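The following block contains the structure, expressed as structure tokens.
As written, the chain order gives the labels A, B and C, with residue 1 at the start of each chain.
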Amino acid sequence: MSDFMTSVEVLAAAEEALKAAEEVKFMTNNLWILIATVLVFIMHLGFACLEAGFVQKKNVVNILFKNVMIISIGLISYYAIGFNLMYPGLNEGGFFGFSGLGLTPPEGGMTASYADYTYWSDFIFQAMFAATCCTIVSGAVAERMKLMAFLLFSILFVSISYPITGFWKWGAGWLDALGFYDFAGSTIVHSVGGWGALAGLILLGPRKGKYENGKVKAIPGHSMPLATLGVFLLWFGWFGFNGGSVLSADPALVSLVFVTTSMAAVAGAMGSFLASYVLYKSFDLSMVLNGILGGLVGITASADIVSVFSSLVIGFIAGILIPLSVSFFDKLKLDDPVGATSVHLVCGIWGTLAVAIFGNLEPGVGELTDQLIGIASIGSFTFAFSFLAFFLIKKLIGIRVHPDEEQVGLDLAEHNLAAYR
Amino acid sequence: MSDFMTSVEVLAAAEEALKAAEEVKFMTNNLWILIATVLVFIMHLGFACLEAGFVQKKNVVNILFKNVMIISIGLISYYAIGFNLMYPGLNEGGFFGFSGLGLTPPEGGMTASYADYTYWSDFIFQAMFAATCCTIVSGAVAERMKLMAFLLFSILFVSISYPITGFWKWGAGWLDALGFYDFAGSTIVHSVGGWGALAGLILLGPRKGKYENGKVKAIPGHSMPLATLGVFLLWFGWFGFNGGSVLSADPALVSLVFVTTSMAAVAGAMGSFLASYVLYKSFDLSMVLNGILGGLVGITASADIVSVFSSLVIGFIAGILIPLSVSFFDKLKLDDPVGATSVHLVCGIWGTLAVAIFGNLEPGVGELTDQLIGIASIGSFTFAFSFLAFFLIKKLIGIRVHPDEEQVGLDLAEHNLAAYR
Amino acid sequence: MSDFMTSVEVLAAAEEALKAAEEVKFMTNNLWILIATVLVFIMHLGFACLEAGFVQKKNVVNILFKNVMIISIGLISYYAIGFNLMYPGLNEGGFFGFSGLGLTPPEGGMTASYADYTYWSDFIFQAMFAATCCTIVSGAVAERMKLMAFLLFSILFVSISYPITGFWKWGAGWLDALGFYDFAGSTIVHSVGGWGALAGLILLGPRKGKYENGKVKAIPGHSMPLATLGVFLLWFGWFGFNGGSVLSADPALVSLVFVTTSMAAVAGAMGSFLASYVLYKSFDLSMVLNGILGGLVGITASADIVSVFSSLVIGFIAGILIPLSVSFFDKLKLDDPVGATSVHLVCGIWGTLAVAIFGNLEPGVGELTDQLIGIASIGSFTFAFSFLAFFLIKKLIGIRVHPDEEQVGLDLAEHNLAAYR
């Protein structure tokens, strides 16, 4: 190497080094989004286990079948329509945009607008998210909804309803312009699933025998190990759900999100534990399990913008809300076998409000009115859409199984297969 | 810092920066191979759950025991013999090479030939792969094969048979030179397991009562939740199986592989769902579960070289093949309790052929004749080896348990332990 | 760009490139610690499944409830007190240090002392570790300890006992200055849990009917699939437990640790398999499962400093120790339903001694006397603390359930909920 080489030549070497560093940064960021995708994927197993554990033995095959079909329908629907409806790259600040059927990957699979990961990573991460919102509905309507009715609803929900309200915020639509804040989807994913579930519950009515002579009859789940397995797998997946929503491997943010997510989960368990003990003098496993989930749903809107202490408070309150909410829905005779509305709808709303209370955000973002408008607009759209969808399906093919089928169980009636033998 | 420093000094700073970037790149690539290893590892749990779920209650401990021993025998056999037989670094383009017992790590654990990850990462990733092929056999021969006979077979299969055919392609042997293409092992791993299973099935005969008076008697598995858990865990692990087979964290390729793998899985579910409904008017959970696995096996050969739409087609056809193949094997009175031959052999062959149909490859690679030669040569070698191995073990110690033991169940007969109480 | 730019300007470009490379290195290292955290987290599910599988059907809800509460109590206790007691950044070489309640993150979440990852990553990784040691105790005292007594013990154990002895080595206390070596915690985590378990066992006494008329009555677990699931999940998590303990994504070290960890696990299975067969002529699934765990515990102290062949020897001996140790504890009438003392205490001690036998360390580190002093000091402190804690709780509220409650099962007695129905 000569002393006489020009500055230009040396500068080229320095620039090559910088480019190499930036390429690795892209690689690491992209890798994290992919790993987060794997974690969100396993939430589908978590939901399947949780819901299967919380239903009666005679309806286990049915709920497993639904969960297997949800992810299948979900990914295909989101591929065909949903992704381009949620992220059209059009109509910024608006109500609706659609950039066409199927996927439209940019040249080389990445563009300036996907600075930190590839187009394919973006799609598959978002698709795994989308499919979870349908899973929330399946638990609430378990043990008496017709399989085909539910599958039809799933197609409509993932292709149309979820992406439209998702666009409002994450696709840079009008709620984003307004200042609504929802980090990883307390509202956009969880309460959306909860509103869909509520619409189904109302049209479907309670299970036979649940509310008789003015009394609430507990119908405990058939397998507590399965339900526990489900909750731990959901928490496991939530590291990807919240951690991946940073949309890069940014060390400070992803680490903080891991801590706030975990602390809200354990505080949720603690809140439900204490509330159940105080209210009912019981050590209620199903409440504590739902308390963890409530804490996780509660922190989802604000995991990146609150202190660790705040995350404990948010989770603890979510945990207390669980037994109160379960009683509340029972009073309304809204029969939700797995407590999905308490976990995802009630704690989803709470978490979205918590942004305004605990969030460290600049003025004009995540303020109480913004959050209330977000909750109300997404909630009313989703509830109306879901109610209409279930109503039309009811008119078309019916949504509830025959009382005899409910009695004998859906496994025998719809699948001719016992879950255990 | 002086203005008078020479260009040489400045260039050294630039080169240091480039070296730092390259070191991080190596670190990130290596990290992905290790994480993929963890994912492939959990496939062993997936297989254990799937097979345990699909057998009768009286044979659950036995199948769990086999699965625990397979990974143990597999890793040790591959360490002792298999790795140096599959990747001898010798006899390029040939049929056979062996670079000695045990491992021979290069100085510092990495060499030029392992540009993107360490020697140890390479070994452990490959070893987890190797052990899976034996697991495929265990499901097919479940409920009537002697434990010791199966364990002996496992040693021979993982130390000798799998590495030799693996060398032909992945160790740079003659099939690689020919142009045979098999990205992550539709043939090299899955159909190899399937051929071993087929040899075992033929020599072993069907379970008592499976085929009587010309009728096929369904013997449903004892736990659908366990089987479902297994399938989701296998899919979870497949992100590492296919994603890790990129052999780097290359953003474009790994992302694409994640998408094609997932879409083939859901299309497989859809294919089996529709085929079962059309053929049998049933919503058959076990078919849909095997449809997912069929789709995953089908995409394994081509996950990095097909479009997303093609991956949907490949998976969908694999899904349709599942119920057809199950009927076909039953007609031949080849009794496979978990459907391993349908999933891994039939869909493995289909996936390998799909490379020629859908793959975007340069001329001379992955053409139909290449693929057929690969399927036929690896298939015939593996089948012959396995048949001979099972035959010799049969002569030596017998391969089938006594009819009384089969009747009472292997858990009591061989382990004196009930799976549940 | 002009040929006349100064060297200073070009050097700035080179330095910018180096800084970029270093930032990505930090990002990748931090990402690995976070992923390892996720893996260690899932060990809590592994323990829950293992323990639930190994207890009787009537005590399943109780053990699940405990495991859910342990991680909740564990993370909160470690947040409030434990972390600043274990890593006070004070009193180097000493016996005790405490830097105050709660967390005290440095500005920006990272400092020089956390060169490879953020403060938050450090906390959450360590907190997941801390909670596991309590889980070990829960298995040993299962089926007869009062829920509230156990929860109280957990708070004390994770806030005080575990962090103090942890400080001695990992917090740069006196054992670290002495030369004691314990890579990922054969002693600091596993035998600590084992000593706590032993103290509980002694004060609690055996389950009714376990030792009668001088005979040992086997009380097999209620679900072998659940126990098997637990063991695979624990192994899965151990990739993070040991791999994350490298405290960076260093390619050579993390890869080696993955290999030694896996090989010790499979050798442990093999050791227990052979020992059980030779001693009892049985193919004992529960022994083989505990053999895997024994191998994993055994390699934990030395996974980064032994050859692969040594890891096989360490694991194999650990596996042989399992059936011997189970018999030994039974002779002492120390009734441990899940074998936690054999796995974590006995193999934890063995693994710590193995450092001195097989470890490639510089003189003055990890020598036999260092290791013995570490084992003895940490063991005696932990045992004394735990004994005193359980003793005080016994005086205060009692530690054992009423014989009638033990008879009917804790699920009904303490939770009024059946695990299955």
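As a working rule, a contact is a pair of C-beta atoms (placed from the backbone, for glycine too) under 8 Å apart; a residue touches a chain by one contact, two chains touch by 3 or more.
The model shown is predicted, which means the values in this text are computed figures rather than measured ones.
Taken together, subunit B and subunit C share the touching chains A.
Where subunit A touches subunit B, under half of the residue numbers in use are shared by the two copies, so each contributes mostly different positions. Centroids built from CA atoms put subunit B at 32 Å from subunit A. Shown for subunit A are the residues in touch with two or more other chains, namely 6-7, 10, 13-14, 17-18, 20-21, 24, 28, 31, 35, 223, 229. In the complex of the two chains, the subunit C residues touching subunit A come out as 1-7, 9-10, 13-14, 16-18, 20-21, 23-24, 26-28, 30-31, 34-35, 37-38, 41-42, 44-45, 48-49, 52, 60-61, 64-65, 67-69, 71-73, 75-76, 79, 102-103, 108-110, 117-121, 123-124, 127, 147, 223, 226, 229, 414-421.
The touching residues of subunit C, when paired with subunit B in their complex, are 6-8, 10-11, 13-15, 17-18, 20-22, 24-25, 28-29, 31-32, 35, 39, 56-57, 220, 222-225, 228-229, 231-233, 235-236, 239, 243, 249-252, 254-256, 258-259, 262-263, 265-267, 269-270, 273, 282-286, 288-289, 292, 308-309, 312.
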